[in-house]
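For reference, chains read A, B, C and D in written order, and residue numbers begin at 1 within each chain.
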Amino acid sequence: MSDVYTEKLIEHFRNPRNTGEIEDADAKVTVGNPVCGDVMSFTMKVRKEGDKEIIEDIKFKTFGCAAAIASSDILAELAKGKTIEEAKKLSYESLVKELGGLPPVKVHCTKMAVEGLQKLIEEYEKKKKQQ
Amino acid sequence: MSDVYTEKLIEHFRNPRNTGEIEDADAKVTVGNPVCGDVMSFTMKVRKEGDKEIIEDIKFKTFGCAAAIASSDILAELAKGKTIEEAKKLSYESLVKELGGLPPVKVHCTKMAVEGLQKLIEEYEKKKKQQ
Amino acid sequence: MNRYVYLDNNSTTPVDPRVLDAMLPFLKEKWGNPNNVHRKGREAREAVEDAREKVEKMINCKDGGVYFTSGGTESNNWALKGVAFANKDKGKHIIATPIEHKCILNTCKWLEKQGFDITYLKVDKEGFINLEELENALRKDTILVSIMLANNEIGTLEPVKEACQIVKEKSDAYFHTDACQAIGKTEVDVEELGVDLMTISGHKFYAPKGIGALYIRNGVKIDPLLHGGGQEKGRRSGTENVAGIVGMGKAAELVMEEVSKDKEKLRRLQKRIIEGITSRLEKVYLNGPSDLNKRLPGNVNFSIEGVEGESTVMMLDEYGIEVSTGSACSSTKLVPSHVLIAIGLRPEIAHGSIRISAGRFNTDEDVDYFLEVFPEVVNKLREISPLWKG
Amino acid sequence: MNRYVYLDNNSTTPVDPRVLDAMLPFLKEKWGNPNNVHRKGREAREAVEDAREKVEKMINCKDGGVYFTSGGTESNNWALKGVAFANKDKGKHIIATPIEHKCILNTCKWLEKQGFDITYLKVDKEGFINLEELENALRKDTILVSIMLANNEIGTLEPVKEACQIVKEKSDAYFHTDACQAIGKTEVDVEELGVDLMTISGHKFYAPKGIGALYIRNGVKIDPLLHGGGQEKGRRSGTENVAGIVGMGKAAELVMEEVSKDKEKLRRLQKRIIEGITSRLEKVYLNGPSDLNKRLPGNVNFSIEGVEGESTVMMLDEYGIEVSTGSACSSTKLVPSHVLIAIGLRPEIAHGSIRISAGRFNTDEDVDYFLEVFPEVVNKLREISPLWKG
């Protein structure tokens, strides 16, 4: 566990690749709370291939520290191309690892991003049932 | 009051001019206590000029710190040539002044030297009466 | 990166090259222990006492002395704990403000665990205490009042002189002020203020980190915080940080020579930054005094709606600009600044606060560059913020 | 003056030029505050953590960590007061030795005023504690035992490993050792010793004055001594003395590389000085262990009949030789060294004690010169001493 931000994290913070909102999203969620200093809103687009459901795109808007922004971006990166079933297994540890480590006080950012993904999936599956 | 030894003090410590013992001394005293870290022994020779009694010489042997040795030497220096009456008025402040100042914790050395001189004079006057 | 612009002088200041020059001999050939009577020791002792004189002169110390410590934190801990333990038979009540530095507040908390009773005065929207409330808070058993001279986050210059007068008139309590931020940025005079104890930190006025001092007026009853070999007249033991002390002495000398010039420049840059931000961005709110005469020269603090402070700091950093969010000392924590909460900000607004603080080495060009980059960074972050409805 | 010979390395050591080189960038361009998230801050943070790793490695720290302080005095104050206040509900009994450094003893005195109960173990003529006495002194309410690793005046290497074993077997008390003198002069390994807390002082191993550390094993309950912004994992607040920390880190690295070589040389010089003095002067008595394997390498302490210590130091100084009398830290006081009194010396003999301590930069030529000058100086002073009947 490093005590400072990694270059990789700073790069994802500085040049996030997945910001914005997907217009015709299949799911849309917001996690966090401005009082606590972090709010992440995610939109997701899913594509079907046979009976596989693949995450085609995720975009985010995040209010929060550099770690929150980078975590959101890395989450989108890691989730894209995965099936819904695979994505359900995505852990915050894998985000931390992908970022090359994180100061202990910032680990909650990756947890929040993963929470966002799980909620996206929940909403997606709920909608599917309603159809 | 300086916090460190003056050059003048160090010079008197390094090259004391009045060490030793006067063989045929008119008075001989020891002040101080090895337990407290300072012992000064003085010998004095007095010369008469008319009805004046003049301190012709003072020599010392001192066990003690640099300030104790320098104080002993400066005392001898200041007392020499003075009449007994003048010497009675010699104060420790004048020794401190002559040394160009002294760390506060070392002022007691000048007091002890002056005590030595007063005791020399006492002894000298006592002897005189006995004669 | 186009340019490097450091605007975080309330966090720490660069070491003035003239300060380093003064220190170097004491890290090279003059490495003696000032407690030794031999030559090496005496040369170190003289340097330490020479530095003490300079620091004392800088604050116009006439009645009492300056004791060297390892920094503002130690001085504040010492002032509070030292007075508390030495006077606990007289009383156990202490008065402080809620916008003191954490090293005062956390010391107070610890003292509460040891049975002391702390009253925290309220502060208004700009961070000022109320003198009447102070007067009413004084009790028979009040032993100490601690009110900072200049707040490190929002720059409030507290009415310490007036507060001290009231305390002296109405009680037997000692008065301590934390002057870490004020020194080097405005004139500080213990005689004029009338305080009994004052905290000084070297790295806030161009000396290195890890050196500070506590001014103690004659007659003040205070226990040591560091017991030991009897250095600093028995009040603060420990082999002296000679190089640091010499550096702080030189820094004090430079403050005496340059503070009025520095202050004038800091006021100008401060004004330009405040006006520049206000005119270039919407929904930004100045924290701390709007009357610049009651504000620490050089200090600026804004809440920026829709963006979070740390990410703003990090993004500015990419442009070579360094500023802070909240209090630098707690910036790895996720709690909003206690100062901003105390002046009544909502947490979500407090999270978006940015402190910009100029110092001796800043220029008008630095401010030009900052004012060019800052709106761009804020807009970039607002664009990706779910809280910004532009 | 023919030559300059510094033989007072138990008082303070020269700053190693390699240490200064490592520090310099942190007094020039890398003056950032490690608590800041921006670039300047991060570069300082990395340097601080790198230095911590080195110091931890030097003492083979595996279970716990090293926390930076302003020196040995602060570390000792912190260890004792911090453990005392954090564990006072468990008990108020502390065990120490009478030959600890003043910063332990005066802290103990202050703790006694706060209601703690201190037992001082006896020491024998060479300064050694008795392990049986330690075992018998342990009580149900003993919360801390503090025994130094190497005495700063007479070089006694206490049986800390064995003492710690007894304390761990027979009680729940924590074990603290003051290792200020041992580090850099002999190997120190917290795992082998088994101690819970250990004090380190930079200026005793070629780092500058004003920087130190406290090792704390995992699980130790200890209050901070300096409360504040939460630096050092909340255990020791205050903006870090970055340059000092980096210097101590480099010094630790050098110790790891050079201690076995240094130790061998210090042992040789020590032996030569002891034999040289004994053969050249009558009525001189070695203080501290005669078995050099139980003595701090480089440390020599003699009582010289008929002369007083300070004047001997000052006279040697005129020849360019620097040594100490008693403990350097209290050398402006007129009380005889508490260590020499504790080992049973009469005050008048204690007043005539001289400590000669070699370090990394001493050579055999230094010792040659010392042995040439020393008898001459002693004879000169004995000649003017009323206590010397030659």
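Criterion: contacts are C-beta pairs under 8 Å (C-beta built on N, C-alpha and C of every residue); 3 or more make two chains touch, one makes a residue touch a chain.
Quick caveat: nothing in here was measured; it's all calculated off a predicted structure.
C-beta contact counts were set side by side for A-C and B-C; A-C has more. Ranked by distance of CA centroids from subunit D, the top chain is A.
Work out the mean CA point of subunit A and of subunit C, and you get 40 Å between them. Rounded to whole angstrom, the centroid-to-centroid distance between subunit B and subunit C, based on C-alpha atoms, equals 54 Å. Note on chain placement: the centre of subunit C and the centre of subunit D lie 33 Å apart, centres being C-alpha means.
Per-chain CA centroids place subunit A at a distance of 54 Å from subunit D. The residues of subunit B that reach two or more other chains are 5, 66, listed in rising order.
In subunit C, 37, 310, 314, 332-333 are the positions where the chain touches two or more neighbouring chains simultaneously.
Those residues of subunit D that touch subunit B in the complex are listed here as 306-308, 310-311, 314-315, 318, 332-334, 336, 346-348, 351, 383-388.
On subunit B, the positions that touch subunit C within their shared complex are 3-5, 66.
Residue ranges on subunit C touching subunit B, taken from their complex, read 37, 42, 45-46, 49. Those residues of subunit D lying in contact with subunit C across their complex are 6, 8, 11-15, 17, 20, 23, 27-28, 31-33, 35-41, 69-74, 76-77, 85, 101-103, 106-107, 109-110, 114, 201, 203, 208-211, 223-231, 237-244, 310, 313-314, 316-317, 322-324, 327-333. Residues of subunit A touching subunit C in their complex: 5, 10, 13-14, 16, 19-20, 30, 34-41, 60-66, 68-69, 103, 105, 108.
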